[in-house]
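In the two complexes below, chain A is the common chain; its partner is chain B in one and chain C in the other.
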Partner chain A sequence: MDAQRYQAALRAGARPRLWEFVLWALAFAAPLVLPQHALMVNEIAIVALFAVSLDLILGYTGIVSLGHAGFFGFGAYVAALFAKHVMPDPTVGLLVAMAATAVLGAVASLTILRGSDLTRLMVTLGTALLLLELANKLDWLTGGADGLQGVVLGPVLGLFDFDLYGRTAAWYSLSVFLLLFVLMRRIVHSPFGATLMAIRDNRLRASAIGIPVVSRLAVVYTVAAAIAGAAGALLSQTTGFASLDVLAFDRSADVLLMLVIGGIGWLYGGIAGAIVFKVLQDSLSSITPQYWMFWIGLILVLLVLVGRDRLLRPQTWFRREKGAKA
Partner chain B sequence: MLTILFDGIAYGMLLFVLAVGLAVTLGLMNFINLAHGAFAMAGGYITVLAMQRLGVPFLACLPLAFVLTAALGALLERTLYRPMYKKPHLDQVMFSIGLAFMAVAAVDYFVGGSQQNVQIPQWLRGRTEIGDGALLLGMGHYRIFIIAICAVLTVVLQLLLSRTRFGSRLRAAVDDPRVAAGLGINVNVVFLLTFAMGSGLAGLGGALGAEILGLDPTFPLKYMIYFLIVVAVGGTSSITGPLAAALLLGIADVAGKYYIPKMGAFTVYLLMILILLWRPQGLFTRKGGR
Partner chain C sequence: MSAVLSAKGLVMRFGGIVATNNVSIDLQKGARHALIGPNGAGKTTLVNILTGVLRPSEGNILLDGQDITGLAPHQRVQRGMVRTFQINQLFDSMTPLQTLALVVAQRRGLGGKWWQPVGSDAGVAARAGELLEQFRLAEVATQPTRQLAYGKRRLLEIAIALACEPRVLLLDEPVAGVPAGEREELLQTVAALPADVSVLLIEHDMDLVFSFANRMTVLVNGTLLTEGSPEEIAADPRVKEVYLGHGCGHDTPQGTDIQNG
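Presenting the complex of A and B:
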C-alpha cells in the first residue's frame, strides 16, 4: 500500500505539466514572432542547455565543478573540426561531438571520484585549463589564439539551410535542446536520478543502502559532459567559428552563475538563469561594455549574501530554509 | 642547469609567500577564497602607484603594501567574509569569484588595463655568476633578495604559529571554535587577525612579484590556479607542506617552460591532476581533510 503511494508521488513529479508545453511552444514561436532576436534565442538555447547539463552534476549530484567549460569547448572544437575536415552535415557532426565528449567525460570522471570539494574544484579546473592550453598550443589543428575559422555547414537534415538571420540556427538549437532536455528530465525522475540525489544528500548512507556510488558518479559525469559537448557543438555549428574563448575560465564561472540565478537542483532553473543572464548581459554591456565583469561580480556577491535559493522561486520566499545540508 | 634550479626556487618562494595566506584561510578556517589573488594584486598596485605617483622608494613600499593590504583584508573580513564561513562551499566559491571579478574590473577602470612595471633599485639589478659550463649558476640579485626575504618570513611564520601564544590560540580556535571560545579565546578576533595577516602577506608577495610575474588587472584570475595548486597539493595542515609544494611548483614551472616551451603551463596542470589523483588530500597531510 505504502509502496504504491510513494510510487504515485514519484510519478506525479515526473509527469509533464501544462505550462511546460506552453513554455516550449513559446520558445519555438520566438524566432518567428521576433525575427530580429533569432540570434539571441539561439544563444539562449545553447547556454541554457549548457547550464542544465551542469545542473545534472552540480544540482542533482552535488559535484562542485569549475571546469565544465572544458567539455563545452571540446565539443565545440570537435564539431568545428569535423565539419571542416570530414563532413559538413550538422546532425552527424553533433553526434560525433557528443560521442567524443562523452569519452572525454568518462576519462575525466576518474578524477572527481575522490577527495574533498577543494580537490574536485582543483581537478575540474585543471582539466579545463589543460584543454585550453592544448587548444592554444596545437595551433596547426585548432588555429591557436586566432580561432578556427572557415567552418561551413550543410543544411540541417539535408533540408533547411542556415540563413543569415539565424532562424534556422535558432530552431535547430531549440530542437536539439528539447530532445536532450526530455532525456535529462527522464534521467532525473528515474530511479537512477533518485539515487543521484541520495548520493548528493549523504554519500555514506547512499553507499550503505547499496547504491553503487562510484559508478553512478562516473555515469552522470559522462552524460553531463556529453550534453555540455552538444551545447558547445551547437555553438560552433551555428556561428561557424570556434575560438579559445569557448574553453575559458569565464565561461565556467558564467554558467555557474546562470545556474545559481535560476536555482540549482531544478531543470528549469538552468533555463530561467540563462534567460536572465543573457538579457542582463545584453542590456548591461550595452551601457558599459568594458566593465561587464564588474557587474557580474557584483551580482554574484549580492546573490550569495541574499541567499541564492530563493531568487527566482517565489514559492520559497516565505518558507523556512531547509535543515542543515550535508 | 643550476640557474634554472635557482630561478625555480626564487619563483617557488614567491609563490609560497603569495599563497600562504590562502593556506591559512582554506586549511584552517575551511573557507575557499578564490579572491586571494586580488589581495596580491592590491599589494602590487599599491607599490606601483606609490612609486610612480608619490615617489616612495621601493624598499619602503614593501611594508606599505603589507600594511595596507592587511588593513583591506581586515575590513573585508569583518564586513563580507565572516558571514561566509558557515555557508556551503558552492556559496563561498561564487562569492569569492564575484569579488575577484569586481577587483579585476575596478582596477581596469581606475588604473587602466595595461601592464605595469616596477622600477627596482639599481643595486638589485645586477647578476652574479659562479662556475661555468653545465654547472653555471647565474643569480639575479633581485632573486637573491626575494629568496632571503621569503626565507626569513617562513621562519618567522613557523615560529609565530608554533611558539607564540597567538599561534596556540589560532590552532585552538581552528580545531574547535566553540571550545576555544569557551576557554575565553576571542575566536572572531583571532580569525580577523589571521585573515588580515594572510592578506598582508599576499600583498607583500604581489609587491615583490610584480617584477617577475608581471602586473595587470587580470592578475587574480591568471595566478588563482597557481595559488590553489600550492594549497591543494601542499595540504593545509602545516606551513612546510605548502612551502614544499610551492618550491616544487616553482621549479617544475621554470624547468618546464625552459626545456619544453611548446608545452607551456601544460606540465604544471598535468602534474597537479596526477598528484591529486594519487593523494586527494595533498602530499603532506596528517589525516584526511575535513
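Presenting the complex of A and C:
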C-alpha cells in the first residue's frame, strides 16, 4: 500500500454516508408529515442530543457517569431563568445556557480525573444529587418543587413563533441538534478524538505517547456538559417550563439506558436508543400506564442477554451461535 | 562527553522497602546500553522512575542537562524520552494504522486538532505507512489490534515508541514472550533502530544483550552492582555469582516483576 491508500483508509471512517443524509432528511420532514407527532419529534431530538453528549464521554473516552442529568437540568434552568428575567430570545438563551453549563462542566471535571469507574459513578451521581437539592431549596429562584413557571420565549431568530402543535419547537430542536451533532462528529474523527479513544483503550500508554490525559479528560467533559446543557435548554425553552425532574436521577439512568439500547461509541447509538426508548415508552404507557417500566425492564434484560446484533436478526434466534461456548 | 540522559542518586521507597537504592546511570548519545539483573532487581522500577510513572523519593533525572524529575510522563515524551512496555500496552479497538497515525499526529503537535479528520494530513499518513512497512505490519494495517498475533502486537508496541521520534528509548524486555518463529523479525527491528537514538535495553535474553549492547549496567536488589563494557561485565566474577542459581538468562520466567520489579 502506498501513502495515499493509507490516507484513504484513515479518512474512510470520517466520510459521511448516504444513510446519514437520509436519516436527517427524514427527521426534518417528520414534523411536516406527521404534524400530530411534532411534540414527540421535539422530545426525541432533545433526549437524543442528550444521549449523544453522554456517548462523547462514555463511548469515546470511557468516562462512566450516573449524573449526566446534572448538566441537562442546569442548562434547562439557566435557559428558563434567562428567558424569564433577562431576555426571551431563544438563541441567545441557548448560548448562555451552554456557556454556563460549560463552566459547571469544567469545575465538575475536577472530580472525574482520577479514580476508578466506581468512584466516577459515585462522584457524578453525587454531583447531580447536589444540584437537584440546590434547585429544590432555592425555591425563590427555581420555584422549587412547583417548577419554574411563566417562561415565555420569543420567536426563533425573531422570525418563527413557537406554535401549539410544536412544529417550530421540533424544527428548532432538530436544527440545534444537527449543528451540535456535526460538531461532535468532527470531534470524534479528528486527531483530538483519536486521543480520547486512546485514553479509553489504555490510559497508561496514552500518557506514554505524550497525550496530556488529564487536560483531555477535562476538555471533553466540559464539551459534553455544554452539549447536555444545550439539550436541557431546548427542553425548557420548547416547553416553557423547568421542573425538578430535569435534574432527577431517572433522567441520568434513562439516558444511560438509551445508550445501552443503541450502542456506545458511534454517536448514532444515542439517536437509535432515544427513538426506541421514547417510542416504547409512549406506546407501552398508553397500553399499561402503570406498568410500562416493567416492559422496558424486560426488554433491557433481553437486549443484554441475547445481544443487540442477534435481537435485530430474528433468523438467528433459534440457531446456535457460531463458535458459541457450551 | 555529555550524557543525553543522566540519573543521579535515585532512591525509591515503597513504605519500608527500598526498591531502588542510590542508583545513578548515564546514557550517552547513540548509546546501546543494557540494564540487566535478576528478577526483582528493580529494573522495571527504574524504568518507571525514569519515565515519570513513579516519582523518586530522592535523586534527580536530567535530560539534555535539564532537570525533568518533576515532569509528568507525557511531558517527558514530548521532550523525547519514550519507552516500551514489558507487557504490551496497545489501543485494542484501533487498527495499527489508526494507532500509528494517532501517535505521529500527537508527536507533530496535531493531537489537539479537533475539526479536521485524522487522515487529512498527508504527512502523518505517509509516516504511519512508513512505520507499518518498517515493522512489517502493512498486511495487518487495517485489522483491529486486538485480533493480531502476539508477535505482531509486540512489533506494534515498539513501532508506537518509534513513532514518538524518541531521542532516548527505553526498551523493557522487547522480546519477552515472543514465540521463536516471530523472534527473528523482532530482533532485526531492534538491531535496526536509528543510530542517533540512545537506547536503554532491559532484557533477560543474554544473547540479545551481548549482541546489542556496547555498555552494560548490572542491578541487584535495587542497588547498582557494576557498570562497564560487555567484556568487563562478562568477566566480572560478582556478576557470575549473582546469576548463578538464578538460572542465567535464556528462559527466565516472565511477568514476575511487571510493575513492582
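Miscellaneous remarks
In this section, the second predicted complex is superposed on the first by the 299 of 326 C-alpha atoms of A that agree within 3 Å, B and C clash if a C-alpha of one lies under 4 Å from a C-alpha of the other, contacts with A are read in each partner's own complex, and residues count from 1 in each chain.
The rule is simple: a contact is a pair of C-beta atoms (placed from the backbone, for glycine too) under 8 Å apart; a residue touches a chain by one contact, two chains touch by 3 or more.
Not measured: the values here are computed from a predicted model.
After overlaying the two complexes on the shared chain, residue contacts for A:Ser175 are found with neither chain B nor chain C. Considering which of chain B and chain C touches more of chain A, the answer is B. Of the two partner chains placed by superposition, A:Gln149 touches none, neither chain B nor chain C. Of the two partner chains, chain B is the only one that A:Ser116 touches; chain C does not reach it.
Chain A residues in contact with chain B (one complex) as well as with chain C (other complex) do not exist.
Touching chain A in their complex are the following residues of chain C: 51, 53, 72-74, 77-78, 82-83, 85, 89-94, 97-99, 101-103, 105-107, 110-120, 122, 125-126, 128-129, 132, 138, 141-142, 160, 163-164. Note for the complex: chain A touches chain B at residues 58, 64, 66, 110-111, 114-119, 121-123, 125-127, 129-130, 133-134, 136-137, 249, 253, 256-257, 260, 264, 290-294, 296-301, 303-305, 308, 325.
Chain contact summary for the complex, chain B toward chain A: residues 26, 32, 80, 83-84, 87-91, 93-95, 97-106, 108-109, 221, 225, 228-229, 231-232, 262-266, 269-270, 272-273, 276-277, 280-281, 289-290. Interface residues of chain A facing chain C in the complex, by the touch rule stated above, are 1-4, 6-12, 14, 186-187, 189-195, 197-198, 200-202, 204-205, 207-213.
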